[in-house]
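Shared between the two complexes below is subunit A, which has subunit B as its partner in the first and subunit C in the second.
Our next item is the complex of A and B:
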C-alpha cells in the first residue's frame, strides 16, 4: 500500500516534469519569432544577415528612423490605419451593442435564424466577400476611399460585435432592468443606465478585438485602397518586391504593427477569451 | 388525435393575447435591432445577390458592361482541373492544420491546467501570436526559413536539411500549415483552458477517490465535460482556416508550381489578376456554400447537445 503510494507520487512528479518541458518548448516556439523580429529590427543590415545568427549586438534604431523620416509616407499610412480601424470599430460597437442587447432581451420569433445569419456573415471567406464588394465599390466610386475601407471592415466587425455583445448581455440578469422600469425608467433608459455600465468590460474587450481585426487586415486593404489610402499592413507588403525584400524595414514595420495590438490585448486579456471564442465557453 | 385537438383548444385562447403583449413589449428592441439588421442586410444580401448575378455574366470582353453568359462561368469552373486541385489542397491544408492545432492546443491546455503555479503568465505568453497580423506572420515566416539568412533554416542546416523551404513543392505547404499553427493554436488552447477552468470539481474528485488513472480520468471525465468548448474551438478554427488568405498572399502566392494554391488564393488570382469576375463569382459561391454547410453542421451538433 505504502509502496504503491510512493510509486504513484514518483510517477506524478515525473509526469509533471514532462508537463514543464512541454510547456517550455511551446513557449519558446511561440516567442522566438517575435523576439527575432524585434532583434532584427534593431540590427544593422550586415548584422541581420550574418551566419551564424548574432544574438548579441549593439542596437541601432536606423530602420525606425527611415520609417518615420520625411521621405517615407509611413506616418500617413499609420493615420489611414488608425482612421479605418477606429471608424469601423465605433460603428460596429454602437450598432452591435444596441442590436446585441435587443437580441438578448427581445422576444423575436426567428431568433435562431437571426443568430445564424449574423455568425455566417462573420465567417464567410474573405476572398468571397471581397469580390462582390469590389464590384459594388467600383460602381459607387468607393475604391481608394476611407469610407469604402471602413465599410469593408464593418462587414466582419459588425456581426462579431453583435454576437459577442449579445452573449455578454445574456449573462446580465434582466431583473435589474425590470426593477429600474418599475421605478419609472423607460426600457431604453434602463438599458442605458443600468445594464450598459455593467457590460462595460465586455464592451472594451469587443472594441479591442474589432480594432485588432481591422488593424491586422491585409486582404481587404490590398484590394480596396489606392496609394493615398494605403494602410500599414499594405505598406509592409510593399517592402516585398521582385528584386527582393527590404528585411530591415519589414522587421521594424512588423514590430510597429504588432506592438499596439499586443499592449491593448494584454490589457483586456481577462475578457478576450470570451470574445475570441465567440462567447460560447460556458 | 383527440388529445391533440384539446391541446390546441386550450393553447389558442392563452397564446393570442400573449403574442400581442410580446409584440408591443418588443418595440424598443425592434428599433434598436433595426440599424444592425439594415446594415447587415446591405453588407451580406446585396453582395450575395450581386455575386449570384455576376456568376451568370461575362466580364471579360467589356468589364463595365457585362453580358449574359448563361452557365458558361459555372461550366468552365467545374471543368477546370485547377479548381478541383485547389479544393483538394484546401482540404489538405485545413484538415491537417485543424487536426494538429486541435491536438497541440488541447494538449497544451491540459498541461497548463496541471501547472501548480504560473498558469496566467504562461497563457499570456502563449497567446502573443494571436495579436500578430497574418501578413506579419507571413513576412516573419519568410524571413525565418530563408536558406541564406533565416534562423530556422540555420537550425535545420545544422540538422542536415538544406533546402529553400518555401520554394520547394514538398515543404512549402507544411511550412504554411506551421505558420497557421503558430498563429492560431493558442486560440484553441485558451478556449479549452477556459472550459477546463469552468469544469465542476465533484466528478474529478470522485474519480480521484476511485483511484482512476490520469488517462481514464481524461477519457471518461474531463473530455466529456469540456466537449462544448472543444466543439466551439473546432468550429471557430474550421471557418477561419478557410477565411484568411493573407499569409499565402505574402509568402508563396500559391507557388511553387501551385503547391500552395488553395481555393481562396485561386479566387483571388482569377478575380484580381485575370479580372474574370464572373468566373470568380462562381468560385466564391462554392466557397460560401461550403462554409455555410460547415456552420449548419455545427449548429446541428450544438442543438443536439443542448437537447440531451
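Our next item is the complex of A and C:
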C-alpha cells in the first residue's frame, strides 16, 4: 500500500470517528433530557433533587396514580387533546390533500401567488391572529368549545398540509392520471385510485406533523379552551403555581405527553422518512 | 405557670399588634367578630344565608328577609383566575355555593400571563365569556377598569345580600389597591388573595449559639432577623455565612442568601423591596400604590435613592447563591426548601411549602421576619388580587356573580380557604385573624399551626402590612411595560453590562417614554 492510500484510509477513519462522536453527542443532547424526565417521574420529590443524583432507586408510580385518579382529571385532558389534534389533522388532511392536488394539477392564473398566500398564513405570528380569531370565535360562540379548538388548530395545520401535499402531487407525473382516464376513470377516480396511493408516504408524514403541531400546541389551547376543553399542555402549565412547581406531576405529565408521539413516530418512521424525502423537504 | 404567663403575654402582644397592625380598620365589627355587616345595612332586616357549617365568631353571609337565594338558579358563570391556592380551594368547595344558589360556576385556572391575555381578549371582543375575573391590580385592574362593573351598585342595593362584615372588615390597604382605580368613586373588586414578601431564614443557623456569638464577636451586632436588621447588615451576614461555609465552620447551608433575580417580574419585586427601603419609588405622582392613577408623572428612578438602592442590591445579588439570577420565586423557594440558603426574601405563603416535610428539608426550622430596612424604612411588596365582575355580562349574570362574590370573599369562605388542603392562602379579612384559633396558629408547635402552616408566617406578615412597612408598586395602566423595562435593565446591571447608575438612568428614560413624560 502506498503512502497516499494509507493517508486516505487514515483520513476516512478519522472522518468516521468524528461522525460517530457527533452522532453520540447528538444522541446525548436529544435523549438524556427525555430519560432524565422519565426517571424523575418515577422518583419522590426528595429523590428528584438529591445530589449526587441516583440512577438506581426504587421506582414509585404515585404521580401517575394521582394523574389518572378521579381527582387528577388527566383522562379528561388527554381525551380533549386526542379529539382536538386528531380532528384537526383529519380535516387538514382531507382539505389539504384536495386543495394541494387542485393547485398541483390546476391550470389557472397566479397559481404561484395563491399557493404562496396559503403558506404565508402559516408564517403569521400567533399573537397576530389571536385577536381576529377570538373576535370571530366569540361571535360564533366557539370560545371554550372543542369545535372551536379544532378550528383553531386547523388554521395552522391546513395551510401546512395543503402546501406539503401540493409539492408531493407535483412530483407525481400527471401522465399516470391521464393514462387512468384513458382507461375510463373520471378525473377524481384517477386521483383517488392512482395518485393518492402514490402519495401515501407524504400523506402519513403530513398527518404525523399536523398531529404533532396540534398535540404540542399551548398558545392556542391556552386562549381558546375553558375548564371543560383544556388539553394536556394547558393542564401541565397548571402544575406551576404561586406556591411552587409540582415537579413529580410535571415530569409524569411530560412523559405522558411525549409517549404517544414517540410511539406514533416509531410506527410510521418508514413512511415519515420516505415522505419527507420525496416531498417538499427534499 | 411561667409558660402560661408567657402565653398570656404573647396573646396580649399579638392582640395589640393585630389592632394596631393595619390589618385595617379594627374598630367595630372586626374586633367583636360578631355577625355584623356594613353600617348601611339594617341588621334587623337581615337573615342568615342557608350555607352550612358557619364558623362562630365570624360575620355570616346574610340577605334581606325574603331574599330568594335560588332566583338565579340555572345561570352558569365562568370565572377566570390565576392558579392560586384560593381559587383551587374555591373550586374544591364550589358545590356549597352551587347547592344554595342553583348557579353553576366554572372556575378556570391558568398562569397569570394567560389570564391577563384572555381577559384582554375577552374585553376587546366585549364578550361575556367570563363574568367573574381575577383582577390583578397591575396587569388587569389598572388597564381595564372601565370594563369592570362598579360593585357599589350592589352594595347600595338593599334588596341584595350585603358584603358580610362590611367593607371595613377587609384589610384596608388591600381593599384600596385591589378594589379601586384612580378614584374611590367606583369599587371594582373585593380583595381575594394576599401574598406579601417577608424574610424567611433558617432558625437552626441563626439561633445556633456558636454561630451567633462568632458573628457578634466579628461584626459587633446581633444578626437575628427582625425590625433592626438593615440591608447593609443583611449583606454583611450574607458575606459572613458564605465565608464560614467555605471555611467549614458553618454546615447545613451552602450560601448566606438567595434572591429571586431572574430576568422576570420576580426581579422587579425583589428589587422594589430595597428601592422603597431606601426611599426610592418608580414615579412622582401621589397615591400610586393605593388608588393608582393614569398619570404617574415623571420617573424617579434616576434619583440618588434609587441609585443607592441599586448599588447595594447588586452587591447583595453578587454575593447570593449563584442560582439567584436564574430563580424566580419558585426557584428560590425550592432552593430554600432544599436547605441551600440561610435567608431569602420570599412571598409569605411559601410557608405552607417550607413547613411541609414532604416538600422541604427545613420544615420546623424556618423563621419569618419583616424585610430588612433601608435608610427610610422596611418595605415589603404586596402582590394580592381582587375578584371583579365583567361589565359585559348580562344583568342576570351580574347579579348571580354578585352572590358568588359575596360568598367567595366572605370571612366564612376565607376561613375555609385557609383551612383547605388545596388552599392555604391567608385571609383578606380582619375578623378571621381575630379568631382565637387563628391566633394560636401563629405560634410554632401548636396543633393549629400544624393544621394551617401558612399562619406561621403571619406574625411577620401582619408587621409587613402596617402602613409604614408595606410597599405597593405603582398601579398604572402602563405598569406591564414599565415592569419589563425594570427587570431587563436590572438584569443587565447584574450581568455587569452596565453600572447601577446607568441602569437607573435607562429605567427612568424608558419609563418616561412609556408614560409620555
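Note that in this section the second predicted complex is superposed on the first by the 250 of 282 C-alpha atoms of A that agree within 3 Å, B and C clash if a C-alpha of one lies under 4 Å from a C-alpha of the other, contacts with A are read in each partner's own complex, and residues count from 1 in each chain.
By our rule, a contact is a pair of C-beta atoms (placed from the backbone, for glycine too) under 8 Å apart; a residue touches a chain by one contact, two chains touch by 3 or more.
Just so it is clear, the model here is predicted, and its values are computed rather than measured.
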Touching partner for A:143 - first (subunit B), second (subunit C), both, neither: second
Which superposed partner A:73 touches (first subunit B, second subunit C, both, neither): neither
Partner chain(s) touched by A:226 [first = subunit B, second = subunit C, both, neither]: second
Partner chain(s) touched by A:240 [first = subunit B, second = subunit C, both, neither]: both
Touched partner set for A:96, first subunit B, second subunit C, both or neither: first
Subunit A residues touched by each partner, larger count belonging to subunit B or subunit C: B
Partner chain in contact with A:54 - subunit B first, subunit C second, else both or neither: neither
First (subunit B), second (subunit C), both or neither touched by A:131: both
Residues of subunit A that lie at the interface with subunit B and also at the interface with subunit C: 49, 130-131, 134-135, 222-223, 237, 240, 245
Subunit A-touching residues of subunit B, taken from the complex the two chains share: 22, 25-26, 28-30, 32-33, 35-37, 39-40, 43-44, 46-48, 50-51, 54, 104, 107-108, 111-112, 114-116, 122, 124-136, 139-144, 148-149, 151, 154, 182, 186-187, 190-191, 193-195, 198, 214, 228-229, 232-233, 236, 239-240, 242-246, 249-250, 264-265, 267-268, 271-272, 277, 280-281, 284-285, 287-288, 291-292, 295-296, 299
Touching residues (chain side subunit A, partner subunit B) in the complex: 15-16, 19-20, 22-23, 26-27, 29-34, 36-37, 40, 48-53, 95-96, 98-99, 101-103, 105-108, 114, 116-121, 123-136, 151, 154-155, 158-159, 162, 186-188, 191, 212, 215-219, 222-223, 233, 236-237, 240, 245, 247, 250-251, 254, 257-258, 261-262, 265-266, 269, 272-274, 276-278, 280-282
Touching residues (chain side subunit C, partner subunit A) in the complex: 78, 82-85, 106-111, 114, 117-118, 121-122, 124-125, 127, 129, 195, 329-330, 333-334, 337-338, 347, 349-350, 352-353, 358-359, 361, 424
Complex contact set, residues of subunit A against subunit C: 45-46, 49, 130-131, 134-135, 138, 143-144, 222-223, 226-228, 230, 234, 237-238, 240-245
